[in-house]
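Next come two complexes, and both contain subunit A; in the first it sits with subunit B, in the second with subunit C.
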Partner chain A sequence: MANTSAFRSLLLPAGLVALLYATALILVFQYSVREVIPGSLEPGGFTLDNYASLGHPLYLSVFLRTLGMCAATAVIVLLIGYPLAYYMVRARSRFLRSLILLICIMPLFLGDVPRSYAWILMLGANGAVNGALKWVGLIDRPVQMLFTVGGVVVALVHITLPFMTLLLAVGISHIDQLYEKAARSLGANPLRVFLTVTLPLSVPAILAGFMTVFALNFSAYATPIMVGGGKVNMISNVVYQLGIASFNYPFSATLSLISLVAVLAVVGLVGRASRKIGQRYAE
Partner chain B sequence: MNLPLIGLVRLFTVLVALFVVAPAIVIVVSAFNEPAFMSFPPKAYSPKWFYVALANPDFQRGFANSVWVMLWASTLAVIVGTAFSIAMRRSEFVGKNLLESFILSPLVVPHFTIGLGILMLFVNVHMVQDFAPVVLCHTILVLPFVIRSVYISLHNLDLRLELAASSLGAKPRRVLTSITLPLLLPGIVGGWIFAAILSFNEFTGTVFVVSQSTRTLPVAMYNHVRESTDPAVAAVATLYIAVTMIVILLAFAFLGPGTGLNRDKRS
Partner chain C sequence: MRKFVTAVLASMLMSGAALAQEKLVVNGWGGPFQALVMATVAKKFTKETGVPVEIVTGGTIDRLNRARVVKDNPESDVTFTTSHVGWLYVNDGLFEKLDFSKIPNAKNLIPKAKASDYHLGFYGYIYSIAYRTDLVPPGVTFASWQELWKPELKGMIGLADFDASHIIKVATLLDGKPLEDWEAAQPKLMALKPNLKAFYSNSATSIQLMSSGETPVQVLLSSNAYNMMAQGVPLKLAVPKEGAILGLDTIAITKGTKKLELAYKFVNAALDPQVQAEVSKMQKASPVVVGVAVDPDIAKLPGIFSSAEQWDKDALVSNDKVRAEMLGKWNAWFAKNMMN
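Then we have the complex of A and B:
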């Protein structure tokens, strides 16, 4: 392009946003290495104590629980989302394809607060699930589902399923069906075709979906605190309690920064795996 | 595929559809629940919680704030994102990939880290009561989605159209305003709508940057659920669902359900 410098001025607005965003992240880092002064919003001098406090069993357990819940949710969402995405792309009936697409898109428009509230109504002692189970006669007393890890994971699965399904559907729609046809014509049964052709070819989409859902759930705030009722806190809830409710900016900054590092590490690892697999197919 | 497998897939799809839709149905039913505490199924029905919700000053204010923040953040993100996307496609500079990764990073960076950082930024300049931190937070969070949307349009844009315009003597600015931008319009509008929806619903980052006076609707709803058991929030959520359905149906009617997914179908 002849006049490339003219386009460079278009970077200015994004540069400004990037600058403010970078400053915000640097401030998080800066607060994380400052001393906590109880009762004061102003942090004290330089210290690494906040990082040492991360080893405290209380924070360690919340951190591990968050990682575990994010990973478990991502796996469950993958197992449900894959068949759904496959059907959405490959179903013969146009009506069914549109219906699944609609089912996937609709919840995207409802924020996590209304949806978490819906799950309180679903899982509560007088909620819909207990009501239905009692009506069928499976139980006489309500089952405790609200305020449990399982309940929060179910709600997180519900909230992130659309993202996974849409990402997988895009990936599956890009698989050339000629490969599957070739395998079939060489005598492979449908299951074998799926396991040896379709599934391996959708690995990049699977990894992208896993990465996205993992990161999304790591940011979950409303769901764990509403469905978990303060008993299943995730890292975001602890960061808020420390930073906003107790004015402990330095330690909440440390937790946020470690969360950032953890998510980037997971995303980086999955991304590397994805590139390696991509290279293997390119050869 | 053989028949039993298809049956299995159908059953599975029905179950998943039920799982996806059930909470929405429960919300709508609960909104018409007469007593101030929930029980399922409701014993008496009444539309009174809609009046209660609509008259609630916290919800009214939250709604007004949400719309205000949404308009600012999505519009800013569209301007910044469109300019950025075009610059990325049309120019080369040092640190290009780094800048792109950084601008797209809110897709994976925890929203509470961003929210906390922006809070700290505005605490230092004593502007926490302002809308500025909320708008900035939302702009940063929705910008990657606008950029992705415009990227797709840029990818489909025929470069020869721009070359033809400039070979006929159009200055770069003229090419931009009369060729590039009009052709990118679907991506820009799509990105703007998506950004608006995301901003309207954003909670995790928002909860860190709002003050008493700038609370958005999701924050107001969250506070209400924490303080009370009445189904006023269910009424608000029902209105949400109703508006969403209308928007989606309109979108399907005007744009069609094809999102590129069914594009390369061969039977």
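Then we have the complex of A and C:
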């Protein structure tokens, strides 16, 4: 009774927010089917040319590059974030748990821009990484790390690692440790307990973290433009270059809508996988 | 007691109304620009008229978009913007056509500083080649724009990602073609691609890439070069024999302002020779009127035009109307072919 009442009382504000969001999307959509008039910001009449332009090889390659970089970043962030999340939750020492938590959330106190500048200093020809590699004798000339896909991925991993780690920590903290104790009591070693009990039960959290990091990186703008130096462009950068900076708002609306559809498709697929896994474990 | 409270409330309302009527609202950039205008033009204007000035700030395109939204009830009386973006304002009917009889100081305006009958130059600057003297090959001095294409500069050059008009202007100039015939200069532009290392999206990134040595050669904004030189970066700003690309920040009167006469006084104050001398010194920029006593330390900086003759000889001027109309196409071509 109370839940129904609470649901109904939140329906109106939720509906208003949804209506505002839908209105904004409709406005963007109507821009995407309007013609650009050179020298004016006022769009012209109806046209599908903006969507036809998407066939240019550049846009396909940028989309694929963006998808690939987002997926790669999400996988790397998962591999680094899972151990951090696990020990943030399961370490016996309260001090250690707090320390890991602090290390994870500290980067969030700085925005994307200062952190991206820091990576420019780290990865540059005269930066800290090249300096260290030279000092230990591994290289005699600087290695190009800035303005490369690898450099941008490294920076994106750093920026989105806290999100994955915190989501995983929440998921792992909800796993009843009795299951793990039961497995150990039946003779499973720690690795087997992890692989057969902990990891499967944390799959929903893994998928949630993957979706979140993927979506965050898909809309990344500052990091690729700074660490990528205009040479490694993700879809948001192209929206800016070919839309905003070129005063072509109709085309930028088109690119933005297609990007939204792509992210929704990925989120939908991952959500579907998550539901199937959840059903399987419920059985 | 009631009478006292009523009197206080009435005086508050009246003073609020009075302030709202008397204030001149100027639309411009924030930060150093805001400080510049308040210390120079606004100071003179308020001294002459007794009317205070308020500056509303924002990015160039953001302010244009806002101006379009509030077109029928403008929020500002005077607008500062760049010369080519000013044409977007003009095309959208956002500027008043100027009555030059109300701007006496405009008679001293350098011809190249008049952007249109709707917007006038406030100060000039250049986009030209800056280079790290400690990092470029010996003998490279950029006496000509053609030197950007030298093979020994492979992977050394940084360009802006938000305005392809500068390098397109240079390519057409070197090919002996008019700007409108830019497509014929595309092979020339593509030949530059191997020398390009990175693209900067704003002044901060430009400065970072240059000062760290990642892009020891850049086509950049003169004020950024001056700031780096003042910070001790071993940098030179070249003015090639063909000239440097002129940039112009402009002033205009917002169409529909209810304070038209005051707006004209403000524009006139901006073109006052004394104000122009102060602007030139503070901004390290070229004054736009003749008869200005430019600070000697500023005058000797490369790219500062102290006389009309220098404007004619050293300033490469693009047709801003063409630039506003073509920038979208140029930037799109540049992004597709040079950056990706």
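In the analysis below, the second predicted complex is superposed on the first by the 262 of 283 C-alpha atoms of A that agree within 3 Å, B and C clash if a C-alpha of one lies under 4 Å from a C-alpha of the other, contacts with A are read in each partner's own complex, and residues count from 1 in each chain.
Assume a contact is a pair of C-beta atoms (placed from the backbone, for glycine too) under 8 Å apart; a residue touches a chain by one contact, two chains touch by 3 or more.
As the structure is a prediction and not an experimental result, all values here were calculated from the model.
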So, after the overlay on subunit A, do subunit B and subunit C clash or fit? They clash
The answer to whether subunit B or subunit C touches more of subunit A is B
Check: Where does A:P142 make contact in the superposed view: on subunit B (first), on subunit C (second), on both, or on neither?
Finding: neither
After lining up the shared chain so the two structures overlap, which partner does A:L121 touch, if you call subunit B first and subunit C second: first, second, both or neither? both
Looking at A:F109 after the superposition, I want to know if it touches subunit B, subunit C, both of them or none. Which is it: first, second, both, neither? first
For this session: Kindly classify A:Y21 by the partners it touches after superposition: subunit B alone (first), subunit C alone (second), both, or neither?
Result: first
Next item on the list: With the two complexes superposed on chain A, say which partner A:P204 touches: subunit B (first), subunit C (second), both, or neither.
Entry: neither
The only stretch of subunit B that collides with subunit C once the two complexes are overlaid, out of 149-157, 167-175 or 221-229, is 221-229
Subunit B and subunit C footprints on subunit A meet at residues 41, 117, 120-121, 124, 126-127, 226, 244
Per the touch rule above, subunit B residues touching subunit A in the complex are 1-2, 5, 9, 12-13, 16-17, 19-24, 26-27, 30, 38-41, 79-81, 83-84, 86-87, 90-93, 99, 102-103, 106-114, 116-121, 123-124, 136, 139-140, 143, 166, 172-173, 197, 200-204, 207-208, 218, 221-222, 225, 233-234, 236-237, 240-241, 244-245, 247-248, 252, 257, 259-266
The residues of subunit A that touch subunit B in their complex are 1-8, 10-15, 17-18, 20-25, 27-28, 31, 41, 80, 83-84, 87-89, 96-115, 117-122, 124, 126-128, 130-131, 158, 161, 169-170, 173-174, 177, 190, 211-212, 215, 218-222, 226, 235-236, 239-240, 243-244, 249, 252-253, 256-257, 259-260, 263-264, 267
In the complex, subunit C touches subunit A at residues 61, 64-65, 68, 87-88, 91-92, 158, 161-163, 197-201, 205, 208-209, 212-214, 321, 324-332, 335-336, 339-340
Per the touch rule above, subunit A residues touching subunit C in the complex are 36, 38-42, 56, 58, 61-62, 117, 120-121, 124-127, 146-147, 225-226, 229-231, 233, 238, 241-242, 244-248
